[in-house]
Amino acid sequence: MISDIKYLSYIGLKAWLLSSSPKSPAQARCQRVYLAWVSFRANPIGMVGLVIVVVLVLMAVFAPVLTNSDGLEPNLGNRLQPSSWQHWFGTDQLGRDIYDRIVWGSRITLYIVGLVSIIVVPIGLAIGTVAGYLGGWVDNVLMRITDIFLAFPRLILALALVAALGSGIENAVLAIALTTWSPYARIARAEVLSIRRAEFILAAQAQGASSIRILLRHIVPMCLASIIVRLTLDMAGIILTAAGLGFLGLGAQPPLPEWGAMISTGRQFLLDQWWVPTVPGVAIFIVSLGFCLLGDGLRDTLDPKASDR
Amino acid sequence: MNKILKQTLECVIALTATLSLSFAVNAETPKNTFIMAKDISDIITLDPAEVFEFTGGEMIANIYDRLMMYEPEDLTTLVGGVAESWETSSDGKSITFSIRPEMTFHSGNTVTAEDVVFSLRRVVKLNKTPSFIITQFGWNADNVDELVVLDGDKAKITITEEFSPALVLNALSAGIASIVDKDEVMAHEVDGDMGYGWLKSNSAGSGAFSLQTWKANELVSLKANSSYRHGSPGVERVIVQHVAEPSAQRLLVEKGDIDLARNLTPDQVDGLSGNNDLKVQSDPKGALMYMAANAADPILGNPKVALALRYLVDYEGMTNSFLKGQYNIHQAAWPSGLWGAYNETPFSLDIGKAKTLLTEAGYPNGFEIRIDTLNASPFPEVAQSIQATLAQAGITASITTAEGKTLWPMYRARKHQLILARWSPDYTDPHSNLDAFARNPDNRPEAKLTGVLAWRNAWQKDEMNAMVDAARNEIDLDTREKLYHEIQSSLQMDSPYVIMFQQTEASVLRKDVNDYVSGSLFDLIFYRNINK
Amino acid sequence: MVSTKSIASQNFAALSRKLRAFSSVVVTLLLTFIGLTAITFTIGRVMPADPVLAVIGDRAPQAAYERVFKEMGLDKPIYEQYFRYLGELSRGDLGTSIMTSQPVSEDIKRFFPATLELSTIATLIGVLLGIPMGVLAAVNQGHLLDHFVRIFGLIGYSVPVFWLGMVGLLVFYGKLDWVAGPGRIDVYYDGIVKTVTGFILIDSALAKEWDIFHNAVSHLLLPSVILGSFALAYIARMTRSFMLDQMKEEYILTARVKGASEVSVIWRHAFRNVLVQLITIVGLTYASLLEGSVLTETVFSWPGIGQYITTSLFNADMNAVLGGTVVVGTCFVAVNMISDLLYKIVDPRARS
């Protein structure tokens, strides 16, 4: 590693990344990422998406700096104010600054998105890769379970789960995750089937590596690209489902500024104080769009077979 | 290619525009039909022996005449409905009702004392939830055949419990005292169910309207009874359309697609103030919004904490903003505008006083607490306002909202801490509320008096029980009223309830609609005078 | 030269393969079905909402509570309740709804056609506009039109449908007066047309009540366009990518070399091959609209199955939730299987 860094400082970063004969596996990996980035950068749609997502993350991180209040405290004397210098997006039915709430709400959106990913990806990967790699009855059983979840009306299942678990943001996340993992298992399994007989797997088996090791070291990394692409494309769906649950009053609990819940409680003001439900609606739209665009760009880059789609 | 595209696009746009324009519908409701939008998802039955829901109660009030009733012309005087006159025995234990002559049911059958006896016995024998309103007189399935009897062409009832006759007559103006058509109902009896299965979605009454259809979550359609005893109603048909979204209701009434919107929020009503096609009718209701503190909770069980909570609600801030025109401040357990009401409002937001009380109770730095409430506006907003004022006294509250069906099991199981809820009287006698708020004969968990608010909040005071019983039995009206005032005053200072608001219903009507009568109880809403 | 015997045995092999495929389909269906009901059933029983209170109301005394608790069979162990439900289900009895006091099957007959009508029209909109858009985008790859369709597709994915519905209602009903408001029909028309199919459009046309037909179309227009914009986005996007794949194939080049016109190349050659894949996509879209219309139905006060299931769920009316879920789930699976089947019929390659 030290020699790598010395070498790097010697030839310069760009040359190191573009060198035709990588000196170490680490360099090769970095090169792959760099090349993907170069190709991604050339994709305007993907870049727009990336910018939106980055802005969302920055908003979440710097929320305390960007806002004047935590957006939770009612101020009944200051209700339903239209847009002004003081309140960029106006105030809501309890007199809270909508801009502040949107900014703080970005944390909730990221929280939902992050938590769902953390749950969905491992479950999908585990079930899909195990089923694909082991085959036989294990495959049969696991895929039957996956099929049941695929056949289940998703929104209704999510609703039922939240109804059973009680409303609240964690439960909404759990419900969404439980209804989203099945396609990931499918994708992972398909990937595994296509590489199960590949030479490097057979080589690893010949060296006596255990199944778990092969799965973790060789198979899972191969599935990650398509999983990530799918996940990014699904983000919009996840955000919208969470907002839908919030809309039905089952998501985040008051006074949390979850965007879907903000639309839900603000919808009675659409006619006279249009900004109250419209601003969170636009926020959801922009962020979902951002993830969609990013996913599109990522697919073009990481999954050239499926590009143009 | 681009040319083709351009042409296609033009075609699509033109097509959409013409289609839309040609499908625009003329917005005007038929003259002889009255249409109102309301959330009617609460209806689960239209059998008067079982109805205990707001919308269902309102429907049967217009379909059935009751033994005793309030008429839309005078909502404060109890008069005979099916009963023409009544006579109370000297001991106050039995009442004999003479029946109005020449009154007919929708079927054409004559209304007789036999129908009255049948209807009351049916309620007791079916023993559905609202039956307690009359079974509290001491009636049950075994003795009702002797206690509710025919007396010549009259109907005679006898009570075995100690009750003020005024209270008995009042209770007989509730929905369960609706008189059903015995022959019609028994013609639809299945397996000895006294027509229960059939009457759920059909009607057999003598009221101003008969039930045409009830399509759950869609509509209720009522047809005028042209031979009604007060004359034919002003419109031939009343349709209650299920529209759960207040903003959809608002659009509908603005466009003239409906004549009356029932569930608009105060801000929406405000927004319509400039519209000359519409008018707003405000009717005080008996429903109270209150917050209850579970006395079984180690912190909330402290009476000083419960008292402090009363000073931590921004009553005026709320009624002047998002509750404006929909809720007024009312801090006693029996609503204003009804006999026996107590209108003192000793509490207002006073952080200092609350802090002193909390310090005396041993919580100078506050505590953490959960507020449960309904997820329908305005409950979450009220909860958030209370959350903010509690925070000023150092109390950290979290809010959980849920549907009623999720909330009530928890409340009935005493699993709440603070709960923000609503209560509406069942009949117009103060006993209706105070029996629930103040009287708790058995506080043990295993007693499971789950219908009683005092039990749900694990709160019991023997002298309060005695006071409620005394008021219930008192025959002299002035003494009785004084007793009820005492009970309410005492509840204000020492009880688990922070009673905050009384509802006012703002109905938005089309300008040409007149004489929609909406009284203080959920089932004192009358359609028969409506004309347009 | 092939002997008769070997033909017979080949036939037999083909038959047994078909049988095996068929039985595998049946097993999948059955398992899905049991899984579906088991999950919904368990959820219904562990839910904090109390079905007994849905029947008796929240103020009922404890004695009434316990009586109804027993009447509903809730005192039995959950697996026993479940098997009893399955038994009744196998006899076609979905139980009675608490909310509506009607047999669940009757309710479904009333609510399901409303959803079916909505999602069918929405899918039609998606197909009729989405496919041409997708094809045009693919043909103009990289041009303005292509970007327009791509962006439009992504926008269709990203807008919260309940929000779009509210805004649409405000603009097209409230302000412009182009369409009728919430609900399936103006209520005063209720009860005039006899219910034959449950589809208002068909029933009113059968009864020659053109006013009502007109009114129903006017009510249907906005929700179906909004729901359809989702279908449109997805279908256009997928059509585009399928077409791009095809346009790279050699036979397209051959056709061009042979002097076929551009229109003929696109529609007769390329599109025909895309058709197969499109069927699956349309099937998937249709199925997802059947279940995904819950929010649209809420905004438009549409008395459909999604709203039925949701309201019942909130009221702990589990017979209704189970019945609704079973019907929607079955349709979901059925639509998927039909599109699989069509796929196999249209595409000879998929048959082997």
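Brief remarks follow.
Order as written gives the chain letters A, B and C; numbering starts at 1 within each chain.
Here, a contact is a pair of C-beta atoms (placed from the backbone, for glycine too) under 8 Å apart; a residue touches a chain by one contact, two chains touch by 3 or more.
All values derive from a computational prediction rather than experimental measurement.
Relative to the centroid of all protein Cα atoms, the closest per-chain Cα centroid is that of C. Across the two candidate interfaces, A-C and A-B, the one carrying more C-beta contacts is A-C.
Taking each chain's centre as the average of its CA atoms, subunit B and subunit C sit 39 Å apart. Our note on geometry: subunit A versus subunit C, Cα centroid distance of 26 Å, whole angstroms. Inter-chain spacing, taken between the CA centroids of subunit A and subunit B, is 47 Å. Counting only residues that touch two or more partner chains, subunit B has 245, 247, 251, 402-403, 406.
Contacts with at least two other chains are made by residues 47-49, 166, 170, 174, 298, 314 of subunit C.
Residue positions of subunit A with contacts to 2 or more other chains are 163, 166, 267, 270-271. Interface of subunit B with subunit A (complex): residues 245-247, 250-251, 265, 267-268, 270-271, 314, 317-318, 320-322, 375-377, 380-381, 383-385, 387-388, 398-403, 406. Contact residues of subunit A toward subunit C in the complex are 45, 144-145, 147-148, 151-157, 159-161, 163-164, 166, 236-237, 240, 243-244, 247-248, 260, 263, 267, 270-271, 277-278, 281, 284-286, 288-289, 292-293, 296, 306, 308-309. Residues of subunit B touching subunit C in their complex: 1-2, 5, 8, 12, 19-21, 23-25, 27, 29-30, 33, 35, 41, 44-45, 52-53, 127-129, 132, 200-201, 212-213, 215-219, 221, 237, 239, 241-245, 247-248, 251-252, 254-255, 257, 402-406, 408-412, 436, 448-451. On subunit A, the positions that touch subunit B within their shared complex are 73-74, 76-77, 79-80, 93-95, 163, 166-168, 249, 253-255, 265, 267-273.
In the complex of the two chains, the subunit C residues touching subunit B come out as 47-50, 53-62, 64-65, 97-102, 107, 110, 129, 132, 136, 139-140, 145, 166, 169-170, 172-174, 176-183, 186-188, 190-191, 214-215, 217-218, 221, 262, 298-301, 303, 307-308, 311, 314-316.
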